[in-house]
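Two complexes, one shared chain (chain A), two partners (chain B, chain C).
Now for the complex of A and B:
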């Protein structure tokens, strides 16, 4: 990772649109490696579109994206995942009819080596002890918090270069939000690069080092979290 | 099963006994006159429903897996015993071969319908493509049936690819409509192509032979005249064993898991790195291969192919077999194909009522257990997940040796 420069993900001048309606306009964003970068924004600002564009689930009209310095514009979604981008989002649910095991196994789609997978699972069990107890349970029977844990566990099992968390706190009880952020903090301590997309600005700013603010599809603020905290955007409760 | 203390000692005979019971039932269903046979089918269906509810099917599977060798070996002997027992009963042997061939086609359909939830209404057309390739190759061109079979596999796999491509853009009902159109177009196309027989079909398809030894010929052993199906039945049984085994391997592989997950949530599967279009095409192509094998064997069995053998109604029968047997479980699908074939054939005398009984059975199954007689097993990754194997339940790798 070191030889590829300080940024694991570099996005330059990204435009997307839904049909004729423009969505993202000239989004430029860098995710520093080994740090948490947060993207804040109100509903409809384009946060999820940004996430989808990073995974090529929404086609980019213009702009360039680089993962570890390599251009990934031409890569389809699965190739980007294989290259090391993992997504955990409310929109991407767990497989409800599958057991927790099968969900995790699916997360490890590109791990063919059983001993490596077992090693990774040991780490997962330490971070997510609750999942170990639920291994044979269908994920549809888990609580909301447990399901979020499963979704995060499923995406970190590959040790991705970049982990994208799209609103991990969505719809969770405050105590679960606390737990989820504790997990993110732990991942962060393991030098994982994280792109955190959140509405809960306070929580997000407490763990991120850099921050961006999206408004109506454009970046209106970019900088360190300290600067962001002082700026006018931090006071906007909508975020 | 039995007490845990008696394990090992008592399990092996138990496995053998269960195999004898299972294949004995299959034999009796084939052999008995229709009244008893159908009563037996009814009893088996009810028993399967009850066993599944009580977890006995799981227990049976895990017993087989624990005693893999014994199970496989005894099943093999049982499988060989059936043709021997049926050796002088021509019609019953014919039903048995048909059941095996239908099971192959159903396994192919299962990749699309059971695993990936893409309801393909054209399995009969795929089978027909295989059968016609076989017929054209052996009759019109005059090559060996083995080459014909290879062509059959290739053409129906290619047909799977062709029908798979538009499915990348369509989903659900629309996909089913596309396959339905293919099915209807296939029959019309065949009827209107005089070069391959048109409505009259092609007759004189060659039988398989190994080094001059024909697999479909009435031999006389020790003064006993065997049915011509004798060796063909064994041949098809082995072909089916291989196909069930491959299907089971695919089911437990990551591709099988990916197919299931595409069925549940395509976007999520894609986000986890599954190449969704490729997997869907894979389901269609491998399904085409299975149907091609079934079609080639069918053409060789009847030595005649005609458009009426591969109609929409036949496709519906295959779909019924998959639903009845158990979606996404190769063993269940095989059982479903066998039971429905037996029912259809035994009801030949009352063919007016056959469809009715069919429909009633299907409705009852859909109400009582929509997932089929032997539904899919929960995938078990205990070895990978460092979990203790919990009680003798939840096996995944069902034995590939259950007929």
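Now for the complex of A and C:
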């Protein structure tokens, strides 16, 4: 899908801090175009901070970030979203007083063409049949699994250059986890570039081509998923 | 029965004046999570800006050379510009610097901003320069004198009509403004973004909404609304005092709280409820006028205790 280069996202030497406490230290990471790249790590390793730093919702103290080879260090959050980075994080919640349909339309914030919007919504309804049944329901009343679906649907409606999934399996029943990963597999078959941030190592490794392990804010492993599977890090899924 | 209809009319009128201030509170609270305590003062600033501009335009002879309606429209625009600018100043100097500090900081700093606005008005509009009191006409408006340095608000709405006609005009304008606001909030991308920010700021950022720009626009729109509420307030009570803002702020804020702070329509309902309580208490209870505000605030307390989510607030706690 992307011909601009081998990597849709390149991060070099990223540092962030929370107040005076350093969070991420020298994180270097590439997301190859058209593939799934996973970042594994335990609670508090800095996964969510990394994801937010990519969207500039957490300020980077040092380091550089490139989207399709273009430096985006100076871009504010909305410009990064407009440029094609979509973040889906079920933990952030929904616009709870709006209907599911309104939530999806908010997701398509940068689609100004009505017929294109209708077309994309139709595609979403086909991929996420659960949501079609809930269109007029306030999103605050959705179940956890449905909310995760909505979070993913909301971000793929833009057909982003880079889709970031922050813990899509978090808090879901095993059967829902299965459904969610089925959807990710389908997106991946459409050659979407995905950065998958997960605690569920086995699930993540089953669809990713490259993987990183984040520990206490630093990358301690980088390589292909085959290498990762054989490394010590695969032993302990929560690390 | 006549008394009932009279009271009903004044209750709705008073409700209209509270409502717009309350809506201002709830708009600002929605996007900033901050109670902007100087809403009342901004509204009063608006009516004084209109009064000042009226004096200037009158002495420049504009009222003789231009049609009356054009002059009034011009005055409204001037008031709106002043209040929008004041809204921005409030945001820039008493809210933005405290974005990352405790929630109490912007509360205090907007109270300080309100005091500054009030005192500036007090200094600018001394009783001596009250040249517009003649514009009051023959009505005995002096019975509503309150506060210091009362200034006569020019009769700009239906200057030749009866009191009833003027009152109906005030109600119609309020309904019109609220309808416009409703359309703006629900039909435009900007309005939807404002609602989105009020519901989930983090997700709004992730959606690609330019949050800081929407916040600025909210303060502009809120300022314009408060200017109109100042204009209606002046037309309704005809005598304005520079320190009226504190009372209107308190009433508007209470109305917004009763309605559920984030809920714009709750603010309307709250404003009406407060006004009805006040007016009917002073109408039907002997010597009730002195107690009207007390009873109104008791109602507020009752609402805070028994229905903290607001009059029409749904229980919006998200399922976890």
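Observations on the model:
Going forward, the second predicted complex is superposed on the first by the 233 of 239 C-alpha atoms of A that agree within 3 Å, B and C clash if a C-alpha of one lies under 4 Å from a C-alpha of the other, contacts with A are read in each partner's own complex, and residues count from 1 in each chain.
Basically, contacts are C-beta pairs under 8 Å (C-beta built on N, C-alpha and C of every residue); 3 or more make two chains touch, one makes a residue touch a chain.
Please read these numbers as outputs of a predicted model, since none were measured by experiment.
After superposition onto chain A, partners chain B and chain C are found to clash with each other. In the superposition on chain A, contact is made by A:121 with chain B only, not with chain C. With both structures placed on the common chain, the touch criterion links A:99 to chain B but leaves chain C unconnected. Measured by the number of chain A residues touched, the leading partner among chain B and chain C is B.
In the overlay built on the shared chain, the residue A:142 is in contact with chain C alone; chain B does not reach it. In the three-chain superposition model, chain A touches both chain B and chain C at residues 55, 57, 76-78, 81-82, 87, 89, 92-98, 102, 106-107, 109-110, 154-155. Contact residues on chain C toward chain A in their complex (touch as defined above): 189, 192, 195-196, 199-200, 202-203, 205-211, 314, 316-319. By the touch criterion given at the top, residues 254, 257-258, 260-261, 264-265, 267-276, 378-381, 383-387, 390, 394 of chain B touch chain A in their complex. Listed in rising order, the residues of chain A touching chain C in the complex are 55, 57, 76-78, 81-82, 87, 89, 92-98, 102, 106-107, 109-110, 140-144, 154-155. Chain contact summary for the complex, chain A toward chain B: residues 55, 57, 76-78, 81-82, 87, 89, 91-99, 101-102, 104-107, 109-110, 114, 117-118, 121-122, 135-136, 154-155.
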